[in-house]
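Just below sit the structures, each encoded as C-alpha cells.
Next come two complexes, and both contain subunit A; in the first it sits with subunit B, in the second with subunit C.
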Partner chain A sequence: MEMNTRIISHEFEYFAPNSIQETLILLDQHGSEAKIIAGGTDLVSQMKMGKHTPAYIIDIKRIKELQYIAGDMVLKIGAGNNLRGVMNFFLPASVPYAGLYESIRSIGKTQVLNMATIGGNLCNGSPKADTAPPLLTYDARIKLVSLKGERILALKDFHSGPNRTIMEANELMTEIQLDKLPKGTSSAFEKKARVGADISKITCAVTVVRDGDVCRSCRIALGAAAPVPMRAFQAESMLTGKIMNDALTEETSQQVAQEINPPTVGRTHPEYRRHLAAVMFKDGFRRAWQQAGGGK
Partner chain B sequence: MIAKRADTESVKAEYRVIGKPLPRHDAWGKVYGETKYSNDYKLPNMLYGKVLRSRYAAARLLSIDTRDAEKLPGVVSVMTAKDVQNNETVTRFGQTHAVGGFEGLYRVLADKKIRFKGEAVALVAAERRDIAEKAIDLIKVEYEPLEGVFDPVAAMQPGAYQVGEDKSNVICSYKVRKGNIEEGFAHADVIVENTYRVPMVDHAYLEPESGMAWLDDDGVITIRAATQVIEHFRGVADVLGLPHNKVRVIAPMVGGGFGGKEDITVETYLALLVWKTGRPVSLTYTREESIIAHGKRHPYIMRYKTGATKDGKLVAMEAELISDAGGYVYLSPWVLLYSTVQATGPYDIAHVRVDTHTVLTNNTFCSANRGFGGPQPCFAYESQLDELAKQLNLSPLEIRKRNYLHTGDAMATGRVLEHRVETEQTAEKVLEALGPPSKPKSPPEKIGRGVASSMTSYGRMMFLHDTSRSFVSLDLDGSVTVRCGVQDIGGGQASSLAQIAAEILGVPLSDVNVYIGDSALTPLAGTTTATRQLYMSGNATLKAARVVRDNLLKKAAEILNTSPENLDLKDREIFIQNHRKDTLGLKKTDPECNVNYGGTRKAVVAVETCVDDDSDRVVALEDVVKACAAEGMPLFNVAQFNAPTRELIDFKTGQGKVFADFTFGTQAIEVSVDEETGKVTVLKIVSCYDVGQAINPLSAEGQLEGGALYGLGYGMMENVIMEKGITLSPTLAEYLIPTAVDAPDVETIMIESGGGVGPFGAKGIGEPSCVPTAPALANAVSDALGVRIYELPITPEKILKALGKI
Partner chain C sequence: MMTYSIETNVNGRPRAAEVTARDTLLDVLRDHWDVFEVKNGCEQGDCGVCTVILSGKAVNACLTLAVQANGKDVVTAKGIGSPKEPHLLQTKFVEHGAIQCGFCTPGMLTSAKVLLDQNPKANRQEIREAIAGNLCRCTGYKKIVDAIEAAAAKPES
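Moving on, here comes the complex of A and B:
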C-alpha cells in the first residue's frame, strides 16, 4: 500500500549546489542514485509515500543561473523559474501565450505556484502536467545539459511514458525555448478537474494562427489524455489553411476525441475523457480564435 | 453573508446576552493559530506510537513475529493482542442505563480473524517517529487470506462468507408498520419506485485522530486526545483491567469531530503504551490511516416506492434500506434506527411500510457521521417527492406543502409532534430568498432549482436515559466560572454555555470562564454527539446558574428591603425592576449592541458614584456576592439535567417515541449545469431552519453554512471508493471535499419559534444543517436537465451518462 507517512523515513545526503556546473558534477558522480529537487511539490510527497528512495538529493532552488526569462526571436525560460514567476511574466495575459498563462493559473494554489518550477513540472514526467499542453502547442524545445555536453530537443519527444522521460541520469534540464509566434497567433487552455483546486482530469491547449476567416495553422495538445502529454496532429491538419466554420470545428473535435489514447483502467471511463476532449477543444478553439481577432 | 433572523418576537428583546451575535470566546486563539491541536502537545522523554495495520480485508491471522522490531535500536515497546489484558470487549450503548441487544464484538488489536483492511494488528512505541515507522516494517505477520464479502446484499444471502464469528452478517433489522400498505397503493393515482445509492464518506476533519498520554504523578493514565466522548475513560480502563478512576481523558479545543471522534480512536492504544513503558506517548494517525482505518458514514442502498393521489397527497410509502456496516458493529444499529424513524421524512403518510437492515462486510467499518442516518434516506424521499410532483404537474413546494407534518400531527411511528413544527415556513422562506431564476450564460448551460426538507432529531434516543451535569459558581469579584465536561473540538459548545451563564447571572460574557472536557475535573456532561450538547448541557448550565441567581436575589432582596421577585440582574447590578438607573436618564450600554462589554465595568463604577440617592434601589453584584460569602450562602451549584425518558419502542411495528424533539428545515439550491461537460456550478444555497432560539446567531449561522457545505460535498464529490475492501481514495488528493474555491454563496435564515426543548426554547442545529443539501442539489440538477441521478455523488460523468452523451 502506498501510504503517505508524512515523514521521509529513509536517510539521504543533501546537496545545495550554487551553480549549474556544480550540479552537473554531482549528477555525474551520483546520477543514478540521485534526485534533483527544485520546488519539491511532487518529489517530497512521492518520497513520503516511498515511491522514491534516493541516496542523494540535489537541491537546485538556489541556482540563480536557472532563473531567467529573456529573448526576442527565441524566448528562453530558465527551468528553475517558479510557476508564479512564469505566470506573472505573461501577465497581462499576452495574447499569443495566453494558454500557458491559463495553464499555470489553473493550478490555483498560491503555495504550489510559489514552490513549483516550470522545469520540475515537465521533468516529473506526469501525463497530467498542466504546462505541457500549451508548451507543446508552441513547439517548445528544451535544453538538457550534462558534463559531456548539451542537447536541445523538441518537447514532444521528451516524455517517454507515464512518469517517464528520455532524460539521462546525469542530465539537468536548464531551459525551455519558445520561438516567437507569428502575427495573428493566440492560444487558450481548458482544464477539467473534479473540484476547484485539483489535479487535472483532462486538459487541452489550442494555439491558432488566424488570418481573417482563414486558419493558417492550429496546434492542439492534450494532457491526461494519453500515457504522455500529446499533440493531436491529424486533427490539426484538418484545419490548416481552411476557412473556418462551425461544421469544421465540430468535425475536428470528433477527430481530437478519436486521436486521444485515454487509460482504460482507473475510475474515469475512457468515453468520458473522449467526450470531454471534444468539448474542450471546441471551447479552447473558440476562445483562441476570438482572441486572435482575425488580424484585421 | 449576514444571517437573516425571521419572526423575532418582541419577548426576545428582553435577553441581554442570549441571542446576541457575540464573537465566540475561543475565536481569537483559533484565528491566530494559538489554540493547540492534540498533536501539538509534547512532554520530556516522550515516545512516538505507531499502529501496524492489516494488509488484507479478510484473512486469518496466523502468527506475528515482533523480534526484529524489538531489536531495532530506539524501539521501546511492541505490543500485540496477547499483551492486552482485555482485548475483546463488547460495544455497549448508553451511559447511565444499560440497553441490551445488538452488542458487537470489538477487538483492541486484531486476533484470529481480520475483518477489514487497516485493522490494527500491533502497536509500537519508539524514541523517534522514523524509528517507529521502521519498526512497523520489521514486524512479520503471517496471514491466510480469505474470500471476504464486500457487497451488503451479497453478505445478506444464506451461505455468504461470514465476516465475523457470528452466525449471520445481518447485525439487525427494523420495521415500521402503519396502516395497510396495499390499501395505500390502491388509493394512489401515481406511484414512483426507484432505487437510490449513497456512498461511504469520510469526516475529513482538520486534524486526524490524535492524542498524547502520560502517567501522571497520581498514577492516573492521563490522555489528552481530540474526542467527542471523554467518557471513553471507562472503556479504556476496562481494557487495561484498571479501576475507572485510574484513567482520565482531557479533550482539547480544536480538531473537528463530525461523528468520527465519537468512537474510541487513539485513546486505548496510548493507554496501553503508556502503561507498558511508563513514559509519555504521542500518537497521530496519518490522513491515509484516518481514511482507511477509521469509521465512515454508511453507504446505503434504498428502494423507495411512493404513492400519491392526483391532488398530490401522499398515501403510501414503502421503503427498504440496506446499510453496509463494514467489518465491525460499532454504532451501526443505532444509525440504522435513526434512519428507520426518519425514513418517511417530515411528511404525513397514511400507509407506511419500512424495512431496514444493517449488514457486516469486509469494508472499512462505518459508524457515526454528522446526520447519523439522516442524510441517506433524505436523499431518497426528497428525490421521490420531486418525481411525484413532476408526474402530477405540481411545483416541488406545492407537493411538499400538501404533505408536511404540522405541530400535533403523528409521525409514521405514531409519535405525536407536540413541539413546534415550522417546516412549511422554512420552505416558503428559502424559495423567497432564492429570488428570480438566473439566466443561462450560453447554450449548453442549463439553470435548475431544487428544494429539500428534513426533520432531524436532536438529543439522544430517549431509552438511553441521557444526563448532563454542569457547575456554575460566582467568585468574590463577581466573575463567573462554569465547569462542564462538554467536549468542544470546534462546534462552539463551550461558548454557548458561557452565554447562558452570563445571561442568568447578569454579567458580561467576558466575565465568564469555562472549563470543559476533563473527565476527572469537570462534571460529566455526556457525549458531544446527537446534536445534544446545547440541549443537554445548556439546560444543566441554565439550571445551575438559576440556583446561584436565586441565592443572589434572596440576599439582594434583604439588602434592598424587597422581595426577590421584584429584582432583576444586569450588567453586574441587582436592581428593583422598572427602577433601573438608566430609567433615571443615565446612559448605559445599549442592550441591543452590548458587544463592547470590555468597558462596562468602568461605566458601572462611574454611574454608581453619581447615583447615591438611588442606592436603596440598586446594589452592585460584587457587594451581594461578598455579603453571601460572609454569611456562608453558597454561590455555586452543580446541576444535573435529565432528558425525558421512554422505554424501547415496539420493534415489530416501529411504534413508539425514540426522540425528545426534532429540528425542521429546508434548503434550496440553484445550479447551472453544462450539458456538454456535465459540470455543475452551484450558484446559490439558501438554508432555513427553525432553530428555536439562536443562543449565539453567529455560531448558529456558522453551523448552517458549514452544514450546507458538508452536505454539498456529499452531493457533489465525496466518495470513499472501495474495491474488494481496498480503499482507492486514501488521500485528500483522491478523496475530495469542497475547498474555498468550490464554496458557493450560502444564505442562512433562522426562524426562532422558541419551541425547542433546549435552553430558552433552543433546538439543535449541528447535524440537521447538513441533511437536505444533497437531495436539494439532486433536485436542482434534475430540474435543469430533465433526467434524474439516483446515485451520489452527482459527478459530471454520471450526468453525461444520464444524458446519453457517453
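Moving on, here comes the complex of A and C:
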C-alpha cells in the first residue's frame, strides 16, 4: 500500500507552455522524463506517494486551445476541459450522454471537479477512471498529437494495463470525440465505492438504443473490473435486436459477471466484484432502458 | 536547485515568494505567507480543509503546485470577511453554531462562498453537493448546511 508522505520528495523543473505547439516541443525534448500536469488531482497525490518522480512537469492547465466542447455529428471535447465544465455541458436533459454526466457527478468533490480534467482522468491510465466506462460505451475516440503528427484511435485501445496507456512520451492527448448517438439512445452509470465520492470499487456504464420493446443495441463497459477499463462485448451481443424481458436481462448480467477479469489482490474479493458487476449492469440497464423509452 | 518567482494576490494583498516547483500552494500559503486559516489536513485532496478560492474556483491547495497559482487571485476564509465586518455566511455560521472544533470551518466557508457567488439561492441539496469535498469529523454537517441555507435565503446587503 502506497503511503502519502505529504511532501513531494524529489526536485523537478516546471514548464507552463501557452500553446499546444509549445507543449509538443517540450515533450519532444523531455518527454521520457516528463509528466504532464493538468488538474494535478491524481499526479500531485501520486508524487507525494513517490509513485512518479519526473524530472520535468509540463503544466497544460493554462492552454485555452484544449478547452472547448463543440460539434454536431461529431462532438469534440478538448482534453483540457475540467470535469465540472464537461458535467455541466451534459446536464441530464441531454439523455443520450446521461451516463457520462453521472460518472462525473459521482466523483462528487467540488474541488476535484474544478481542478481535474477529462483528459487527465483518461491519461492517468487508471482502470478505475470514472469517465472511461461511459466514454467506452459511446465508442469514443481520442486524438493524440506529437510534433510528428497526430493519430486518432478508439478509446478501447488506449489503456494497455494498470496505470498504463499506449501514449508515447512525446504525445499529448488533445481531444475526445463522440459520434452523435442515434434516436432512442440513453445511457446510465453505476458506481460502487467504499463511501460516496471515494475511488471506485467497481463501475458499470450501459448505453442502449431502444425501439419500443426491442433493444437495437446495448453497449456495456466496466471500470475497476479488469486491468483496464473494459467493454463486455459478449454480453452486449446477447441483447442485439432482442425483445427485452427480465429473464434476458438476468442472463446477460451473468455473462457480464463472467466476462470481467477482476484483480485477485486488494481489498475486494473477485467473486464479490463479479456479483456487483451483475447487479450494477441490471440497475444501469434498467435506468438507461427507461430513459430511452421516455420514462417507460 | 531551481527556484521560481511567483506573485499572487491573497485576500487583496499582493504576495511574492521564491519557491521550488515541488512546493504546493498550501506549503507556500502557510510557510511563506503565514496564511494559517488555510488548514493542513490530509494533504491528498480528501478532506477539503485547505480549500481556497483560486481565480473564483474552489480548489484544494494541497494538490495545487504553488507555481500553478502564479499570477492568480487567492481568497481564504479571512478574505471573505473580518471579525468587524463578517460576511453573512460567517454570521450565520456563528448564529447556527455551525462550528464545533473549527478545523473544517475555513474550508467550509470558502466552498460555501463560491457556491453562493454562483448560485445565490442554492437549496439544501445544492449546498450538500457544494461541500461534498469538505469533511467535518465532529459530525456537524446539519448545522453547517443550516447556516449556509440561512445565508442563501437572504440577499447579501
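By definition in this document, the second predicted complex is superposed on the first by the 289 of 296 C-alpha atoms of A that agree within 3 Å, B and C clash if a C-alpha of one lies under 4 Å from a C-alpha of the other, contacts with A are read in each partner's own complex, and residues count from 1 in each chain.
Keep this in mind: a residue touches a chain if its C-beta (ideal position, glycine included) is under 8 Å from a C-beta of that chain, and two chains touch if they have at least 3 such contacts.
Worth saying up front: this structure is predicted, and the values here are computed from it rather than measured.
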Touched partner set for A:Asp59, first subunit B, second subunit C, both or neither: second
First (subunit B), second (subunit C), both or neither touched by A:Ala16: second
Contacts of A:Tyr272 with subunit B and subunit C, given as first, second, both or neither: first
Subunit B versus subunit C as contact partner of A:Lys192, first or second or both or neither: first
Touching partner for A:Arg6 - first (subunit B), second (subunit C), both, neither: both
Subunit B versus subunit C as contact partner of A:Met115, first or second or both or neither: second
Partner chain(s) touched by A:Lys148 [first = subunit B, second = subunit C, both, neither]: neither
Subunit B versus subunit C as contact partner of A:Thr41, first or second or both or neither: second
Residues of subunit A contacting subunit B in one complex and subunit C in the other: 4, 6-7, 9, 108, 196-197
Residue ranges of subunit C in contact with subunit A within the complex: 1-2, 4, 20-22, 24, 42-45, 48, 51, 57-60, 62-65, 67-68, 70, 111, 114-115, 129-133
Residues of subunit A defined as touching subunit B within the complex: 1, 3-7, 9, 108, 192, 194-199, 267-269, 271-272, 274-276, 279-280
Contact set on subunit B toward subunit A in their complex: 55, 129-130, 133-134, 286-289, 676-677, 679, 717, 721, 728, 730-731, 733, 736-742, 795-797, 800, 805-806
Contact footprint of subunit C on subunit A as seen in their complex: 4, 6-14, 16, 37, 39-41, 44-45, 47-48, 57, 59, 61, 108-112, 114-115, 196-197
